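Quick heads-up: structures coming right below.
Paired with chain B in one complex and with chain C in the other, chain A is shared by the two complexes that follow.
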Partner chain A sequence: MITLYDYELSGNCYKLRLLMSILGIDYKTVPVDFYPGREHKSDWFLRLNPLGQLPVIDDDGFVLRDAQAILVYLASKYDASGTWYPRDNPELLGQISQWLAFADGITSTSSAARLHDGMFYDFDIETVRAGAHRLFRILDEHLWFGEQEGRDWLCSADHPTIADIACFPYIMLSEEGGISRQDYPAIRRWCDRVKRIKGFVVMSGVFPAGPAKAA
Partner chain B sequence: MQQSRCTDPVILNLWHPLAALVDMQPGVVFDTVLLEERVSYAHDGQGEAAAWRSFAGLPAGAAVEIDQLVETLPVKVAYGYLWTSLGTPGELFPIPEFAEADRRKLNAATLGVNVSAPRAIENFLDMGHFPYVHTDILGAEPHTEVKEYDVEISVERDEILATRCRFYQPKASTVSTEGADVDYVYRVPHPYCSVLYKSSPADESRLDVIAIFLQPIDQEHVRAHMMLCVLDDENEDKIIKRFQQTIFGQDKPILENQFPKRLPLDPRAETPIRADKSAIAYRRWLSQKGVTYGVIPAAT
Partner chain C sequence: MLDQARTRWHPIAAAHDLPLRHVFHGQLLGREFAVWRADDGYVNVWENRCLHRGVRLSIGINDGRELKCQYHGWRYSNRTAGCTYIPAHPADAPARTITNRTFPAVERYGLVWSATDEPQGEVPEVAGLAEGEFLGLRGIPVNAPADRVVARLRGYSFQPSGRIDGNDAEIAVEAAGDFSVALRAREGGAETLAVFFVQPVDSNRSVIRGVLNSDAEGAARLAVLRHHNERLSKLRDAIEQEAAQAPAPEPIAPQFERLPAELAEMPELTAHGRKAALRVQVARKWQAADGIAGFELKPLSGLLPTFQPGAHIDVHMPNGEIRQYSIANGPGESDRYVIGVKLERDSKGGSVCMHESVREGDVLAISEPRNNFPLRRDAVKTIFVAGGIGVTPLLAMAQALHHQELAHEFHYFTQGESQLAFRDRLDGLKGTLVPHLGLDPEATGAKLREILSVYKFGMHLYLCGPGPMLETARKIAAEAGWPEGAVHFEYFKNTNKIDDSSSFEVALARSCMTLKVPAGKTILEVMREAGIDMPSSCEQGACGTCLATVIEGEPDHQDVYLNDAERKSGTKIMTCVSRAKSARLVLDL
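The block that comes next holds the complex of A and B.
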């Protein structure tokens, strides 16, 4: 049984809950009082992850940290369809890795802005917001051109991959950091597509998709 | 846009919360913003606390002995929080249940929200959104009706009281085992604070107490301090805090998308429905008090 060390308001924890729900993986959670308790910096947690960061999973004794790494592990081990992390497709794997790194960039900008505004973290708010807008602009263009070619997802496949899951949460939560998605219509359409994936679940601050529009 | 600092005497003379003592390391300076003023605060771990207008010589993170400070602001330790005022404060409202020894008293979190304090109070008072925003926790379709309830403005206590509120909740608290009709009583004893009493699944003769204390950073930003004073002898602190943070995290985008951010007090500005009775009383009460900060006053 997988144990997820989890904080409800963390987008990086949410992406694992999201993938596990989509893949139908059973798991239990150990809540970590990230805020205001700073339990991720406590002795017991630092023994689990010396970086003092969430999330961490323990899969029958196999301990892994880092949201993106855990997505790779979970999809590789538990996705019977083999589509979320297609191990036999070098081009797709390369693209997925590219977007997983991009997701880390979203965390260090959009998530940082949210931590600043909501939990009073000491970041230079203008710098992190500007960084998020730069990434959102790049992503919006990528998605817009993709739509022109009939591509709905981040990577060149006709189905979503863990890249979409990795990038979704802190884009969806960006307004909590004062980063509007008003100017990114292709991002907004892509978010709506992610919300319609079978097995999609919400977290606090993320709402389900509205009723489908008539075709 | 540069907003002018607070000139509203009603708001200046109130007690305002700054932080939960449990979240403050003793003997260390913290700083925050209250009514657009930089304010620093500290406590000594022995029950003494201080607040003062920030100055460069004593930055956040510095060690401080609070009995050495001069020119401090009024200060009060109540309900687990440090309170101060930029004016001449009166009494802080009572919460008698806080003295009951068997209750769990926690700061669920202090969260920054991009909204005016009065908009946040109104959302706290609103039961109509439960099934849609707090789905399967504080409400669920088809149980969407807000039944008739009573609201009074108590002249004697100078507070709003909403009683006989009742709502079906799938999971009213951390100790709920099944859905139940839950009784609610709301108090608004302070323009920026509200105290909610709801049936306790742990003891049907008593009520859980959940309060929201809003610290106005400016007219359109608050720090929301969420106080819990509940009956639960089953769960760890962090489980109880997580429950409340989950709910507040669901409210946050709703609050931050309110427009206009300040609460309009003109009765014609927004169209209420019957379920908004407590909000109507709240707006009227703020008008009667002459509150201008965080609101759009009615035209006179």
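The block that comes next holds the complex of A and C.
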């Protein structure tokens, strides 16, 4: 059984809950009081992850940290369809890694702005917001041309991958950091598509999209 | 410049920004919009705020027919933006005043156009752009005032579509306005007209929306789109750098208007009776079943008022008769009212007139829709029992539940297959529709006993049909343990013999008036004579429109609208037929 060291309001923990729900993986959670308790800096947690960061999983004794790394692990091990992290497709694997790194960029900008506004973290708010807008402009352009080419997802496959899951949470939560997505209509449409993946779950601040029109 | 811009048409979105079941987040001159396309193709441009708690509707759910707010689930109808359902008040029909603000919408050149104030004239026709033969570029948001963007766009340089790889195109400004620039690029024999509309989002924000005069296909099309995207992005960066040097203008504060007068004001004092506020045209008349004519009523101009499932209208007929008909539409079908009229030979001539005199193209006077038969949408399961033409209100209800995928059964009793009305709509209810054909009263009773045998907490029953059938069904439901609050019914007419021989006094608590009701006159008539504008519809105690709250005194109920519990409580009265057993009745009017 997988144990997820979890904080309800963390987008990085949410992306694991999301993938595990989509893949139908059973798991239990150990809540970690990130704010205001700073439990992720406590001794017991630092023994699990010396970086003092959420999330961490423990899969029958195998302990892994870093949201993007855990997505790779979970999809490689538990996705019977082999589509979320297609191990035999070098181009897709390369693209996925590219977007996982992009997701880290979203975390260090959009998530930082949210921590500043919601949990009083000391970031230069204008800088992190501007950084998020820079990334969102690039992403919106990528997704807009994707639609023109008949591509719905971040990578050039006709199905979603862990790249979409990795980028989704802190985009959806950006408004909690004062970053409007009004100027990114292609991102907003892609968010609807992610929300319509079978097994999608919400978290506080992420709303459902309602069903697509039946064909 | 921005002041005059309010009454002009501006693009607010690209057509491809509005896929089905999506809500686009738009803004024009400081005012935010929730923009969504219904499944019937209609583009709704609404103020981006739920009337309840002010949450942005752009994060709501477009279900194809209605927009649902994420916060407390208020639902608003396609076209009218009228509220159709409030989950916290499941038994009530929302008031008509709960209507969101709408803005005009026109699609042209692959763009959706709107205006924050009443727009002057039509959406601009652009010389050189033909509908159906253009290429819409990716919209480029720019953090700069529109006038600065327009000024810099005059110097925009690009290659004609056939010569993307070249680098020498000659650019000529063909036309320019406050919010648009038309440029023509020529190189070799190739030339392309590019028209750029600049959408003033706010005082310091704009969107460049470009349209080329010729389309292309496949890789060539993508190359053209990328060419412009690249050059426009560069231009945007330059404009933003320049704009950042100047102090940013104050954002435009949107004006939040009060409700329109017709929604906000109390109705005027009048003594006349039932009003026909609307004029509609019979757009279609057809045989909906044996002996049943279907009518599709469309507005002469503008939009029809919002309706909810269970609502009815009064139709004022050419022969002077007034009849009530339930609206059979499904949710979001807000461009028309569909009614079904059964031919009753022995009637006073209402249905005969509708069947024989009213033709397609005729104009009819109707009342605004009223809903005294509202549908709850919080039932664990809903059972509908329709008899004959009683199908119409229940059909509207079943379509709403079907669309929301809420559990229901639809039992429809008729003489035979040919009497099943509105087959196209019934076809949409596959899986829940159970027709019961040709049953005599005894067999009908047995079938009803079967249908109503199991009551569970949270179930609701809706009945509409001929009087004797309703009596039977209500009796069977009561015997099977259905509480009165879970049994909802609507009679076609009141067949009780009205006894109007009593005389008594009516005190109107709010109006500070005491009136004498003599034998032979109704409370409603006496109130009207005294200048009280009491709404009414059927005026025979069946529809529920003229309901009043009783504060004191004992009512003498003669209607068929109230259920037994409501009658016993003595707190409600239908003023069109019911009277008083006590010498004095105090009403909350």
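Just so we're on the same page, the second predicted complex is superposed on the first by the 209 of 215 C-alpha atoms of A that agree within 3 Å, B and C clash if a C-alpha of one lies under 4 Å from a C-alpha of the other, contacts with A are read in each partner's own complex, and residues count from 1 in each chain.
What we mean here is this: a contact is a pair of C-beta atoms (placed from the backbone, for glycine too) under 8 Å apart; a residue touches a chain by one contact, two chains touch by 3 or more.
Treat the numbers as computed from the prediction; the structure is a model and nothing was measured.
Legend: residue contacts after superposition of the two complexes on their common chain; A:R188 is shown touching chain C, with no touch to chain B. In the superposed model, A:F207 lies in contact with both chain B and chain C.
Legend: residue contacts after superposition of the two complexes on their common chain; A:P31 is shown touching chain B, with no touch to chain C. Shared-chain residue A:E8: touches chain B; no touch with chain C. When the two structures are aligned on the shared chain, A:E39 is found in touch with chain B, with no touch to chain C. Of the two partner chains placed by superposition, A:F62 touches none, neither chain B nor chain C. According to the touch criterion, the shared surface of chain A, contacted by chain B in one complex and chain C in the other, consists of residues 207. Across the complex, chain A meets chain B through its residues 8-9, 31-33, 35-37, 39, 117-120, 175-176, 178, 203-205, 207.
By the touch rule above, chain B contacts chain A in their complex via residues 20, 23, 32, 107, 109-114, 223, 237-239, 241-242, 245-250, 252-253, 256-257. Residues of chain C touching chain A in their complex: 13-14, 16-17, 19-22, 24-27, 39, 59, 61-64, 68, 70, 138-139, 141, 207, 221-222, 225-226, 229, 233.
Across the complex, chain C is touched by residues 141, 144-145, 147-149, 181-183, 185, 188-189, 192, 207-213 of chain A.
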